[in-house]
Amino acid sequence: MSVDAARLPEAGRWRSLFDFYVTTMRTAVAAQLQYRVAQYFYMIGMVAEPVVYLVVWTTIAEEQGGAVNGITVGEFAAYYIVWTLVRNMNIVFGAPFWEFRIREGRLAGDLLKPMTMLHYDLAYFAGWKFVVVAMWIPIAIGLSAVFHPTLDPTALQIGVFICAIWGAYLIRTMFQGIVGMLNFWTTRGAAVFDLYMATEMLLSGRLVPLQLMPGWVQTLADFLPFKWTFGYPIESLVGDMSTRSLLLGLVAQLLWIGIGLAGYRLAWKFAIKRFTAVGG
Amino acid sequence: MSEPVVHVSELTKIFKVPEREAGLGAAAKALVRRKTRDVHAVEEVSFEIAGGEVVGFLGPNGAGKTTTLKMLAGLLYPTDGEARVLGHIPSRRERDYLRRMTMVMGNRNQLQWDIPALDSFELNRAIYRLRREDFLSMRDELIELLDVGDLVRKPVRNLSLGERMKVEIVGALLHRPQVLFLDEPTIGLDVTMQKRIRTFVAEYNRRHGATVLLTSHYMADVEALCKRVIVIHHGRILYDGGLAALADEFAAYKTIGVVLENGGAPLDSYGEVVEVDGDRVSLRVPKAETSRVAARLLADHEVLDLTIEEPPIEDVIESVFAQPAG
Amino acid sequence: MNAVRVGWLYLKIGVLNELQYRVNFFVQLLQSLIQIGTGLVMLSLVYSHTDELHGWKQPELLSLLGVQVLLGGVIHAFIQPNMERLMQDVQEGTLDYALTKPADSQVLVSVRTVRIWQVVEIVSGFILLFVGLAGVDKSVGFVDAIAFGCALVIGAVLVYCFWLIMTTGAFWIVRMEHVLELFEGIYRTGQWPIGVYPGWLRYSVTFLVPVAFAVTVPAQAVTSRLQWQTLLISFVFGCVLFVVARWFWRFGLRHYAGASA
């Protein structure tokens, strides 16, 4: 039989990409719903971090007459509760997952498929987010009942926020992916990852609202991608940003997505070269 | 004559393996200057495979068969030499190529673990950009051939090892690939399941004319499926041809089974006595001497029964592999 | 006493094993530095906006951080590895190996494993503690030091008992490992004096997950604000929890032995 026999025709390019995203997201939801219990525990553990920060800053604020640097107790509560949503949206196919993928030998199987890995990771985690957000809602309600946040966003703010959390998701996928790909060259990728996380914690608004950081830190944060994955989305919803700065923020996110994507593709090219050279 | 489906020429793969002695001093030195050793996994291998052939790769662990297969699948970049499959260069990993081939590795799961296999098939449909009608007809055909109708609705993690292998195969063939790389597909499975999968591969090859490259430790796989075998040892091809002719080329001896009228006579002078089973004596005799020894036996004794047998393929292969490198 | 000898033997083997992986030392050093660095940044941020947090001055809070890191090191080096291994044994049914050895089972499962490089964490905790104390006005008296030592030991015992009780729960509830993953998160609450937490949280981290007792009480001792009643309660609580943990462990073992097929 000739080599061209039984060759199946392809469906249209863009339609199949859309179809691929929808199918993958649906698969992710079905698979992740099976791990509800584990996810809930993880989320509760994650909530401990912002609760501690919130309590500390609330104490300081109360001892200082109600506010720190103009941020009231209610605003702190709002900041850290929205923090929990942004934190959940931030979980991407990052360094630990890359390490797992390489170590467990799943990479070979994934590489045999005619689909860019990035699409697969983005689609799968995006689908997962829907499960995550649904589970987060009761936790948010509980936290709000205990800590009484002051939150009164406009429609524009809500719209920008929704765009911003997905922007944060994309930026973080790119940058964490680059760090994760270090695992192709070293088994100690976790150490670099820790360093990255520590930097992110300080410069992103995860530890404290960036307003409370010394001036030079705030300037530095403006030129790095971290702020746009954490602080900016939170501030867009709970803060007092002008329309101009809200929209400029989205532009900044687009810029960082572009830089991240370029870096990711470069890293991936080298990673594939490395993998196919040494096997796995 | 049409182009061969697989064309391999002087294909070579050399791995650099870090080498370090024990001890703190060596560890410190290793941080600064890494010493590596070259492992020649595949050494100037050449062969061609035509469409529709089912070829078995035989060789002990570390011989280079999986490495060769991985280079043809695009998972490994060759150090030297050329490989073409379906006209594509595998290491380029072109989407077009990936859609026309598949690789199934024994003991590895590519389907989603927690959801029914049917849902994983949907995912593969989207990944391979299949048209719905093509997907459905192929899927149903495969499910029927492998008889997994009641298994595909269960989450994959609930299936036994053999059942998992069957649904993995369905998932791997949904896009009707023209080249199949099967790396130890029956490893760890029970005998019935092995037979099932062999039958399936033969049937798939018959129906769709796919080219199959198969590696296996089980001679039964190779004997059942492959008319042609390529024997690889220490990265080199030792033999490339028909399975039946393999024994001819490599067997250094044949086995003469003889039953004598007056059993019990010592037969050491004729050859190496391998087995005595009641009245039947098995003699191992160098190939060139077979007819002469047989003639002597017939002349010297009252022979009730005499057979001349090829050594079993396993033994041949074993003796082939026992040869040192070089 | 046999338990001590067994413990010592396992410690020696565990250390020798781990010493092979010298890279781990540097990795651990890096991780400890990052952890302390972040803690210090948070501390200086807080004190750039205030002079006193709930009555604690900066050097005092530094000492508290030191105690938290120090105790954290003890947990990560000696307690957590054993409990995680125990959990794994229960889930995979390999506990029998530990049970057929001629030593008290609780001692055995508690000392089998050690992550020796976490000692770096213990050392850094001590360093922080001393640096903090250097900045405190009142110097540490002899009584305070003794109280500190006792409180620290009681704290370690409390955490150990907590872990043991939770892990023993794995005999019945397979999902126990998720509960224990929460520990790291909840342990963060030990970075700050428990007085800052709202009532419900304070009680939770005192009695439910005894992180507060474990960290705050020694820190209170060393900054001369410990009341003897607190130490007494801590001591009683420790004894009670130890008895409960041991009883629960033997109860769980009997259930395990009876249930295994």
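As written, the chains take the letters A, B and C, and residue 1 is the first residue of each chain.
We take it that a residue touches a chain if its C-beta (ideal position, glycine included) is under 8 Å from a C-beta of that chain, and two chains touch if they have at least 3 such contacts.
Every value quoted in this text rests on a predicted model; they were computed, and no experiment measured them.
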Chains linked by the largest number of contacting C-beta pairs: A-B
Central subunit by CA centre of mass proxy: A
Rounded Å distance, chain A centre to chain B centre (Cα mean): 45
Centre-to-centre distance between chain C and chain A (centres being mean Cα positions), rounded to whole Å: 31
CA centroid of chain B to CA centroid of chain C, Å: 54
Complex interface listing, chain A residues touching chain B: 1-3, 5-11, 16, 19-20, 22-24, 27, 30-31, 34-35, 105, 108-109, 111-115, 120, 272-273, 276-279
Contact footprint of chain C on chain A as seen in their complex: 37-38, 41-42, 44-49, 51-52, 55-56, 59-60, 63-64, 68-69, 146, 188, 190-191, 194-195, 198, 201-202, 207-208, 212-214
List of chain B residues in touch with chain A within their complex: 2-3, 5, 15-16, 51-52, 67, 70, 73-77, 86-87, 91, 93, 95-96, 98-103, 105, 108-110, 112-115, 119-120, 122-123, 125-131, 134, 138, 155, 175-176, 178, 208-210
In the complex, chain C residues that touch chain A: 23, 27, 30-31, 34, 37-38, 41-42, 45-46, 48-50, 52-54, 175, 178-179, 181-182, 184-186, 188-189, 191-192, 196-198, 201
